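Structure provided below as structure tokens; questions to follow.
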Amino acid sequence: MASQLKAAVAGATGFSGCELTRLLLRHPGVDTPVLFRREAEGSGEKKPQDLAAMIPALSGHGPLPVHPFSWDALEKNGTELLFLATPHETSRSLVPEALTRGLRIIDLSGAWRLRRPEHREVYDFHDADPARAAALSEKAVYGLPELHSDCIRKAKLVANPGCYATSVILALAPLLRAELIDRERGIISDSKSGVSGAGKEATSKTHFVSVADNLSVYAPFRHRHVGEIVEQLGLQTEDLTFTPHLLPIPRGILSTVYVHLTHPSKTADIESCFTAFYKGRPWVRMFSAPTLPEIQFSLYTNYCDIGFCLDESTQRLIVVSCLDNLLKGAAGQAVQNMNLMYGWPEEEGLQ
Amino acid sequence: MASQLKAAVAGATGFSGCELTRLLLRHPGVDTPVLFRREAEGSGEKKPQDLAAMIPALSGHGPLPVHPFSWDALEKNGTELLFLATPHETSRSLVPEALTRGLRIIDLSGAWRLRRPEHREVYDFHDADPARAAALSEKAVYGLPELHSDCIRKAKLVANPGCYATSVILALAPLLRAELIDRERGIISDSKSGVSGAGKEATSKTHFVSVADNLSVYAPFRHRHVGEIVEQLGLQTEDLTFTPHLLPIPRGILSTVYVHLTHPSKTADIESCFTAFYKGRPWVRMFSAPTLPEIQFSLYTNYCDIGFCLDESTQRLIVVSCLDNLLKGAAGQAVQNMNLMYGWPEEEGLQ
Amino acid sequence: MASQLKAAVAGATGFSGCELTRLLLRHPGVDTPVLFRREAEGSGEKKPQDLAAMIPALSGHGPLPVHPFSWDALEKNGTELLFLATPHETSRSLVPEALTRGLRIIDLSGAWRLRRPEHREVYDFHDADPARAAALSEKAVYGLPELHSDCIRKAKLVANPGCYATSVILALAPLLRAELIDRERGIISDSKSGVSGAGKEATSKTHFVSVADNLSVYAPFRHRHVGEIVEQLGLQTEDLTFTPHLLPIPRGILSTVYVHLTHPSKTADIESCFTAFYKGRPWVRMFSAPTLPEIQFSLYTNYCDIGFCLDESTQRLIVVSCLDNLLKGAAGQAVQNMNLMYGWPEEEGLQ
Amino acid sequence: MASQLKAAVAGATGFSGCELTRLLLRHPGVDTPVLFRREAEGSGEKKPQDLAAMIPALSGHGPLPVHPFSWDALEKNGTELLFLATPHETSRSLVPEALTRGLRIIDLSGAWRLRRPEHREVYDFHDADPARAAALSEKAVYGLPELHSDCIRKAKLVANPGCYATSVILALAPLLRAELIDRERGIISDSKSGVSGAGKEATSKTHFVSVADNLSVYAPFRHRHVGEIVEQLGLQTEDLTFTPHLLPIPRGILSTVYVHLTHPSKTADIESCFTAFYKGRPWVRMFSAPTLPEIQFSLYTNYCDIGFCLDESTQRLIVVSCLDNLLKGAAGQAVQNMNLMYGWPEEEGLQ
């Protein structure tokens, strides 16, 4: 017990924070985490509330007090690792102080994912110390274990990737590394997500009647995840057409990615490219043609499933990638990053 | 054209108001209705907005200006019939004035459905003139055409029934009229509704993720429709156990109603009881045993579908009734009432 | 009555046939249609069955006998127009005889949609008289009123378009006519359909548990509708990448279509191109940027809704088109074709 | 490893068998199970197939060969415990031989749940040795750990309860034990289940389009689980009105149970009755009034969640119980039974 990691979750009542709490509660290496709510909830109220009273699906674990955020509470508990499942503006304001206090941080928001200043503009940050924030933005490690496991192991600040971004980057990274993609022809990711990806706020757009029996496109050409994807893949913004769609399901993402190959390839070549790249990576499952992943297959798991279909005569390639946006797309990936940071197997607590 | 009815809809942007507008636009006897929005929407804003811009499903009908509510606009247009698809408190405040101005009214809210003062308490009305409001409550006609068509024809103020209430009353009225039900044993209606019945407001309870893949009970023993049901059926409150459930579908109601019969009956007797009662009523469809109605059958129609299953050996009877809560449960029934009030066939504009 | 059109529906119990029957029953110009079932249903059984007993949602229209198919029944009734909502092989075998008997035909299957013999190979037809069948394939009129209304008016044999094909062709035809699309860069249609598009047969793929909470890709590069689309748009097969997806909803299609423009254009230019092309066409609704159509908007209507988003700086254009696959994608379009063939307004019976 | 339990699953490809396989694969006390398919699948085919190829969601566990059933394969593997997730007729024919061979059995079908011969009639068994089968029926232990943990520990043949039955029995057992229920007034369980409860067979009733946007009643008064419920609760068949409904969700059950109390009670009394009964039972979660369980709360867990609402003035009591029909209603409960049979904690492998 004494040897267990002391962790805290800020934003424990949101979709990702709640899923993360559930995972940490059953992780063998982690002590019961300290939980903080969003500031808006019970504002002014100083007493802890019980998470299971708010989220009855979590009952049965004993008391799970959720406190208003406080550095004192963190310190008193001896917290070593702080998960932030907070709005990006909150993450921007908490992280500098947290680093000063010697905490390691895994941030699930979009606050620290972007290196290029022009990409960060979409977030319209209002930093107290812009110079330090910019410096931190450049030092933060993008927490995609399949690309950056070495850096993650040593990182102080891990920027956990966006859910869409994870699905698109993992579909393309092996092909781009192998220089198989003709960038001139453009890359299109037609991506579809369940509603939990849009967060817990009740709006006319997340009303059941607006979503059920429906499918809609939103934010074509200008979704915030475009910046992450192109930075991580070494692309220019105009190389990628990214179109998110809202699916009438609670969770899950499927990205249908369209590329042209640079030179004639066979189905077996593409499969080799992927399997070589993801060799030893426990949370990517490759599907052999003609089987393609479906959203159901990876739901409630930490897998990113990848399959593809190549038209050998025209060198058009379709890559399909699926994941659970709350697990591999958020909380599961955060735990995978924690496992790397503390020297545990990547699968620990995720099966 | 000159001979067409001049109608207006207050609350045209809610689920029921919008469905009602759609029906009125294609009703052969009604002029293009004057539309009013809820006060909260674009409050302060005096300019009309276009309904199709707010509800794109309604585009293609030409301009559909939605105004802030005003008596002047009603008068200028020569409005004869005013539909209220407003919150009940708004209906309580508008109706006295509207009657004074000589308008006929069909109110889709719960404002005027209840005769007994003790039942009205659940609404906590704040009437400017309580005595007049109480008198109007007693004079309002409960707009269930299958029970009260004669009164509806002459009514000035029609209180359009609640969606659940319609499904339960139509399931029970023939049996109670024939004195087939043993009230001592109690009557249970286990009712299930799609989400549009809960209205358009975005809350944590109507968030897609809260409703999808779920079923929940709400307001057991104390739903507001209990008063309507027992008044219309001549029951005491404690005779009826009414339990609403929220279904993961946008629209539709199914009520499973449990009663014990007073004396031995055969399946054929029960069927005769229903078919005699609903003879000539175009919007009730009886299903012969063993076929039972399902929600799908009546969706996007104005039908209330009724079927039943009798255990002849124990005289336990289950009645199942289904309807579309936005049509027979709200806007369709309002049009059916209008048809009676203006001497048109009950089917007019509803097929 | 005597002046009403005598029509018949073969395959009245499938999804499209049933929807068509519903539309014909309320069409003012058409007599109650003669209904035939699929041969497999009640095979051997010669007695008519009642459609409402099979499809309770259709009850309330009086008796709707469904007979085994017979030329005698057609003749006795004086049928002038035969709708085929049958498997394509059945359509291939019935049409030559029907034309010989002087009937006009609207065929909802894929049997007669394809001109180029190489495209027809995907259907693997086994025609009794291959030469005559090939000749008929070339004479059949592709029943897309927005492209071919003049030919449809005089047609003996109308091949009603596929649901996906309608959504893709209507999204692209105006742009291709105006030579705005750079075909060298390729055209991608990422299309998503509700389950009724897959037909009524119960298989593991249409099982509720396989579809719910899911999204899947099927038949990439090789769906049967590719032939129709490229023929109608004057493209080569390799110009178009068409990827169908199965949505967890009962009905509705959304196609997200990606093209590059040939030369710099403005949003207003694209809108003009579409509105000019669809001027006077009652069943296409254009949405002005930035509003995009959603599946819900056109459900239970005969509209094809079209919107778009142009990235002016890179000339990438995304066109979004939506329709109800059982209406504009099947039965509604068939009625629209009938309206043209018999000189009625295109809207007749479809509102 | 050598000390791990050798188990086998017959019927590994059905919904319950597949869920069970998933649970056993991660259970620390069980060796990789031997898997058998249903006879109908790949009939005649003797070669093993890979389960992950049939059920891609299970990929990532390495090879999972599924064999045609054979006693030899069982013996060769040293199987000690045989799970049957087979049709009930198959279970009736396999169990006598399996017991003769010294195996312990947990049967997930309805084959061995019923003691009273008149209840077994609903299954229409065709036993090779009717006398032995009848004797086994009486000796089989009903595998509901919350009622029969002592017998389960020593059992040779455990009849795993039905999903509906589990939800209804757990809702009523504490109240009946305490003699709080007035049986004369009758007990009603209005129960609603997701589609996986109906099994994997593709029929018109499980077609996505039949279920989505729908709710339907089936088998009123005559569902096969009635026998189990009344036997376990010591009721007569006519005491219980059980009405199952098919929900448009993949999994989950909610039972709304209506009873009258024998004497005046308070909400706190009812809560005490339940908490005393379920003290120390890890897989029942009680909810304090006014919170009621919802289907979502127990999905993907082995919990049965129970809550209630009492009308103190009339002594009408509504009990609501929820569970995941594939876990506490089938495979999870089977693992819970195994845990008891082999002396492990009831939670083992289920968290």
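Each chain gets a letter, A, B, C and D, in the order it is written, and its residues are counted from 1.
The criterion applied here is as follows: a contact is a pair of C-beta atoms (placed from the backbone, for glycine too) under 8 Å apart; a residue touches a chain by one contact, two chains touch by 3 or more.
Nothing here was measured: the structure is a model prediction, and the numbers come from that model.
Colleague: Using the touch definition up top, find the fewest steps from chain A to chain C.
Modeller: 1
Colleague: Listed by label, which chains are in contact with chain A and with chain D?
Modeller: B, C
Colleague: Can you name the chain that lies farthest from chain B, using the mean of each chain's Cα atoms as its centre?
Modeller: Of all the other chains, the one whose centre lies farthest from chain B is A.
Colleague: Please report how many Å separate the Cα centroid of chain B from that of chain C, as a whole number.
Modeller: Taking the average C-alpha coordinate of chain B and of chain C, the gap between them is 36 Å.
Colleague: Rounded to the nearest whole Å, what is the centre-to-centre distance of chain B and chain D, using the mean of the C-alpha atoms as each centre?
Modeller: 41
Colleague: What is the distance in Å between the mean C-alpha positions of chain A and chain B?
Modeller: About 46 Å, centre to centre.
Colleague: Give me the residues of chain C that touch two or more other chains.
Modeller: Residues 210, 212-213, 248-251, 294, 296, 299 of chain C touch two or more partner chains.
Colleague: Taking the touch rule as given, give the residues of chain A at its contact with chain B in the complex, in rising order.
Modeller: So the residues of chain A in touch with chain B come to 15, 195-196, 200, 202-204, 206-213, 248-251.
Colleague: In their complex, what parts of chain A are in touch with chain C?
Modeller: Chain A reaches chain C through residues 185-186, 188, 190, 192, 210, 212-217, 220-221, 238, 241, 243, 245, 247-252, 254, 256, 258, 260, 292, 294-296, 299, 309, 311, 313-314, 316, 318, 320.
Colleague: Taking the complex as given, what residues does chain B use to touch chain C?
Modeller: The touching residues are 26, 53, 56-57, 59-60, 213, 285, 287, 291, 293-294, 296-301, 303, 305, 351.
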